[in-house]
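To start, the structure itself, in structure tokens.
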Amino acid sequence: MSTLQSLDIRRRSATTTPSPQARETLEVAKLIDISRCIGCKACQAACLEWNDLREEVGVNHGVYDNPLDLTENSWTVMRYSEVEQDGNLEWLIRKDGCMHCDDPGCLKACPSPGAIVQYSNGIVDFVSEHCIGCSYCVRGCPFNIPRISQRDSKAYKCSLCSDRVAVGQAPACAKACPTQAIYFGSKRDMIEWAGQRIDDLKGRGFANAGLYNPEGVGGTHVMYVLQHADRPSLYAGLPANPRISPLVEIWKGMLKPIGLIGIGLTALIGFFHYVTRGPNEVAASDEAAADRERERVTHS
Amino acid sequence: MTNSWTDIRNTDLVLIMGGNAAEAHPCGFKWVTEAKHHNRAKLVVVDPRFTRSAAVADFYCPIRAGTDIAFLGGVIKYLLDNNKIQAEYVKAYTNATFIVREGYGFQDGLFTGYKREDRDYDRATWEYEFDEQGMAKVDETMEHPRSVFQLMKQHYARYTPEMVERICGSPRDKFLRVCEMIASTSAPDKAMTSMYALGWTQHSKGSQNIRTMAMIQLLLGNMGVAGGGMNALRGHSNIQGLTDLGLMSNLIPGYLTLPTDRDRDLDTYMGTKGFRPIRPGQTSFWQNYKKFFVSFAKSMYGSNATAENSWAYDWLPKLDVQYDVLRAFERMHQGQMNGYICQGFNPLMSFPNRAKIRTALSKLKFLVVMDPLQTETARFWENHGEYNEIDPASVRTEVFELPTTCFAEDEGSLTNSSRTLQWHWPGQAPPAEARTDIDIMADLYIRIRDKYRRDGGKFPDAIQNLRWPYLVPHAPKPEEIAKEINGYAIEDVKDAQGNVVVAAGRQMPSFALLTDDGKTSAGCWIYTGCYTEAGNMMARRDNSDPSGLGIYQNWAFSWPANRRILYNRASADRQGRPWNARRRLIEWNGRAWTGVDVPDYGPAVNPSANVGPFIMNPEGVGRLWVRGLMRDGPFPEHYEPFEAPVENALHPAVGPNPVARVFRGDMEVFGNARDFPYVATTYRLTEHFHYWSKHVRINAILQPEMFIEMGEELAREKGIRAGDWVRVYSNRGYVKAKAVVTKRMMPLRMGNRTVHQIGIPIHWGFTGATRKGFGANMLTPYVGDANIETPEFKAFLVNVEKITVQA
Amino acid sequence: MSAREANIYDRYTAGARVNHWANAIIMICLALSGLSLFHPATFFLSDLFGGGQWTRIIHPWLGIAGTLTFLGLFVRFVRFNLWNRDDNAWMGSIRHVLSGEEEKVPEVGKYNAGQKIVFWVLSILIVLLITSGLALWDSMFREYTTIDQKRLAAVVHAAAALGLIMTVIVHVYAAIWVRGTVRAMTRGSVTGGWAWRHHRKWLREEAARQR
Amino acid sequence: MGVIDVTRRGFFKFGGTALAGSTLAALGFDPQPALAQVRPFKLARTTETRNTCPYCSVSCGVIMYSIGDRSRNARSEIIHIEGDPDHPVNRGTLCPKGAGLLDFVRSPTRTQYPMYRGPGERQFRRVSWDWAMERIATLMKEDRDRNFIDRIDNGTTVNRWLSTGMLAASATTNETAFLTYKIVRSMGMVVFDNQARV
């Protein structure tokens, strides 16, 4: 039933035992170099075309962003922000979409076994057959990426073209990107290439150029090279240090076992109390006393 | 383009001005990104808007639309004043040293010889001074007061940085920073590439915009070198091919010109095509004009074109005036046109002043539209409310809409901006009853020819004697036509020693072997070599690039003669040694020219013969001063657009281009700065392709609805917020659109005035998947460039107001 | 109390009983469907409701129904569950209660302190559950709350649900442990002896009313 | 894919032990794991054809993937268009227009049939190719015969036809262009232009 041998899955949602993970496949990553991105939306077009997704033709909202936000049909959108700093203008354009975290909040939050899987190559993918549309993943994700479809109540997000990567191709957006702002390969190579790009940027006066590979989520398989890595929020609200919300950690963390054990214990306490104390029975003397009392009250 | 897309990787500085490469040619722009990373190249963008090219640029400078010559004139002055030119290159390869005759001059905005009533020049005074042998005089020291160098220095002395700031609104410091960066490429081992497109061509002085940059590239020694050149980023996949093949009023394929009423017979016609060299020993390649003309005539009329009937000279129509689209629609508007055929194209959306275009179309007797998409032009007679107000009953035109195949369903070659002809194959059958353009045209021709055979009629000879060698007459094969374009030997072609070089019936390997005695046929001489005996060179897919300079000799075929970088002789100094050791194109090895590209030169011409690298020019060198070849002046001069917010600061008496042709009725509808205070410019977005991609769902999703772009300061003044509906109106019409309020449209401080600019993308109409929209051409003025009649879409005047629109 | 045997006392009307058992059943379904989403190990419970999607669809509606039915109970019994001095005394001898030595436990009215605690705990938890539940009901009310609010709601909902389940377990156990209690809610009446043993003051009141 | 096969009959019995069951689960009793399935690679058995993007003049190489293996009974419909990795200019990349080419090929507003609209009519109607081409040829011949100028006053033969014009576009092939040129000039047309003008 699974075209990808289940051995290639590192982690599976709502599954408390480890998935079979004997094989160590190449850990891939997509590097998005904002300094090369011309905001042309080729990646959006390629994503829509490859995944056979189509959006309703919307309206213009007074900006270049179309559609305005990620949706169940648009798994990646460009976010345009105009930033003016000491006299000169910068147009920072960021390709928004799933970051494929190493510790995915969506997977941690998802209650349905197998609905979200993390392959051994680092891709976090939604297996829509198991999705129950509960929006837990939306709450788990530190980047607010998953979207629930109105049509089928399933969660959707960028799959890093797991189907293409599974047969050895690059994702559709990486292949289409005209200026190689999107680069795909092993995570190690991408980090190395990012280093070269950062040196080039530093040479052009961007002292704070850096790699965005946030530790808060264990590093991501979609990384950015930012001209201003010291202020990611300039890039349409890219979180400075994203991590799974502590509330989600509590909710999905120790609350779980404690909860079940609590219920279990309450039931057990009751059982053993009954076994030791025996039932609290009404004795014949109580019935007699009740009669006397009734006589007393009714006839006094 | 003089160079090629992949050559851009070799550059050290990219100037994107008069174009928006990142948005209009994203995959070509990749090579700018490559140059930035591998060569530490810098990208400079000068544009009225902070475009997506500027988003990844190292430096951006704003400019008022329509003032490019003022800016570039300022750059020339900067280069000359600071002696930042490649002196040896300028002296050897440009006409800087040539002496101009007495009587030439420039005063108060006009060159000598202006005839006010004709709006034209008598260009006799715009000529070199010749010696007795008819050779132009030169002064190697360039000190002579009438040398081109001194005249140029004097002409651009007026373009001071202050004047540039006053005219263009570009802040002085930013302008000087751009000059500095440009000047850095005057070093022999540095190159700058100019990437421009309609931002420069769509002005009433478009050709001169480009000439100014060509002068700068010549002064810096960037012509003919790797990573240099004048790179026009053509807008369409085969606009280059159609122009090469002469599909214009005054052209014959291969940039020959159609005879005019003055050319009574072949000899008179050929008399004007002498192109005798005017410097000793120059190639002046156009001397072979007759070989190309006769070979063309043979491809048109085959055996019916003989020496006796002057190679069927009279079967070609002669021109009284040039019938460009503006004149065509003017005639239509005056009811002088009965029929019109649109093979693709969407004139209702593409030509200026749509109201005039719609009225013109409705005066036709019949209109034929051949297009893979349902275009607005085919539906100009339908009433679409505000988007297309017309009463169908009043339109008497018979309209035919013929379905054609699109690129995916037909076979043939396209010529891209780098002059590369590439073959493509169909991936599916045409939809429903669509047919290829070839089949439709062949069907039309055969029907008309047979009608003339049956019923006779006016002058059927040319039609009936047209060479139609196709195996299946009503369905010519693309290969057959490609071979015909390449040309073949009708009889054995022999060399001087008499041995056969090309046997009869064989494909011609090169245009150098074409003859003017009727032995050879070639549909388009510059394409010869595209389909030779070795097969379809346009289908070659070997993408090896041994030199690493992005030449790709064996990928498809580049005209002329598979040369990838034009004028590449200029990449080597007088002795034949490359200026730039790291990027060697061709060099003289003592016996012949060798290198990575086909030499744009006689292969064995010794450099000591001082044959200039610009082999097409009678001077043999690049022209800083163009004699009488341009209608509006041998030196480019700043003229304001026909609708300008300010008067001409250099010469108030002469505002707009004095020789641009304006038809009666159009002059009166130019708006003035009082009623229309804001400069408007039109342009494309990267998500859309003119009026095609509104039919494409994915692109409609990416940019669904018409908008205009305005600066934050202007928006505050008008109380407009991002996303509001606004009405932008000129003296000719109005459009309604959403407002994109942005920091990227900067207000220009010009002296004590502030000029605001408004940007209007062009992509929406009343057919297709996007929201219905008005067309930018409802606003644009009906005037074209003085030399080539390209409409002035890029700079005109509008006003804007906030409106409320019911959803 | 005409024909019935004299020593039986009515404790709950038919309406109360129907209301109670409706709420009970719904609460159990809520617990089961909730638990299926709570822990991977319990996800199999979602098959009781026709799979994950149906569980996610039904659970909120059950939540609404549960809240409404509980509201019915609340209105019916709130006046009996107001805290008074007897309850403090009862709490003081909690050890005797647990060990079953009723005689050492002070007399109480219709409901003892334990039952009142259960009543109020359930009320509070139900309020928490419905508010956090609505915040979590994305398929209906996605835009009304921010993601952070939903995260907080998720924790509150889970904790409150655990509390509710445990409280219900105590409630059910107590009913089973104290023999004769279950009939109160199934048949609506208790024996005099039961009343004498556990709710003597209530017995007197009932008896007085029969005069 | 039931996890534990709960039959209708067993429902009630099962219900009773719900609470007890939960304690067991808490101790790590793991129901059958749900397996993952990746979307099958949709180009696995399609036919590839090389082509050039029709839009701008970078002329990126594209590969078109069509259904079927060109066998007779499968209409080779294009299902995906991607960049041609071998093409030296675009190296497999495409811009947003190129990446959306599939929707151009399959646009619902493609022209399908020859349409005709007579003088004053309010709508297009479908006509046959033969009728349309015959009508156009007749109109053109009539107009040419009536307005053809063979000679001008000073006796020069000019052989031009000014009253019918043609507009060539920008994305037709060179072969179409040359054939069009031959036909247009053989009829004497000079009101003739193409997209380069704008």
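A few notes on this one:
Chains: A, B, C and D, in written order; residue numbering restarts at 1 for each.
Here is the rule we use: a residue touches a chain if its C-beta (ideal position, glycine included) is under 8 Å from a C-beta of that chain, and two chains touch if they have at least 3 such contacts.
The model shown is predicted, which means the values in this text are computed figures rather than measured ones.
Using the average of C-alpha coordinates as each chain's centre, B ends up farthest from chain C. Comparing per-chain C-alpha centres with the mean over every protein C-alpha atom, the closest match is chain D. Which two chains touch most often is answered by the contact tally, and the pair is B-D.
Here the CA centre of chain A is 51 Å from the CA centre of chain B. In this assembly, the C-alpha centroid of chain B lies 28 Å from the C-alpha centroid of chain D. In whole angstrom, the spacing between the mean C-alpha positions of chain A and chain C is 38. Shown for chain C are the residues in touch with two or more other chains, namely 39-43, 169. Among all residues of chain D, those that touch two or more other chains are 19, 22, 25-26, 28, 30-31, 81, 90, 93-100, 102-103. Touching two or more other chains at once are residues 15-16, 40-42, 44-45, 48-49, 112-113, 115, 130, 178, 180, 260, 263, 267 of chain A.
Residue ranges of chain B in contact with chain A, taken from their complex: 22-23, 26-27, 29-30, 33, 36-37, 40, 50, 52-56, 58, 60, 686-687, 697-707, 721-724, 738-744, 746, 769-771.
Listed in rising order, the residues of chain A touching chain D in the complex are 1-4, 6, 9, 12, 15-17, 19, 40-42, 44-46, 48-50, 112-115, 117, 119, 125, 127, 129-130, 159, 162-164, 166-167, 169, 172, 175-178, 180, 257, 260-261, 263-264, 267-268. Contact residues on chain A toward chain C in their complex (touch as defined above): 14-16, 111-113, 115, 130-136, 138-139, 144, 148, 153, 245, 247-248, 250-251, 255-256, 258-260, 262-263, 266-267, 270, 273-274, 277-284, 286-291, 293-294, 297-298. The touching residues of chain D, counted against chain B in their complex, run 47, 49-61, 64-66, 75-78, 81, 86-91, 93-105, 107-122, 124, 129, 132-141, 143-145, 147-148, 150, 152, 156-198. Those residues of chain D that touch chain A in the complex are listed here as 19-20, 22-23, 25-26, 28, 30-31, 33-42, 44, 80-83, 90, 92-100, 102-103.
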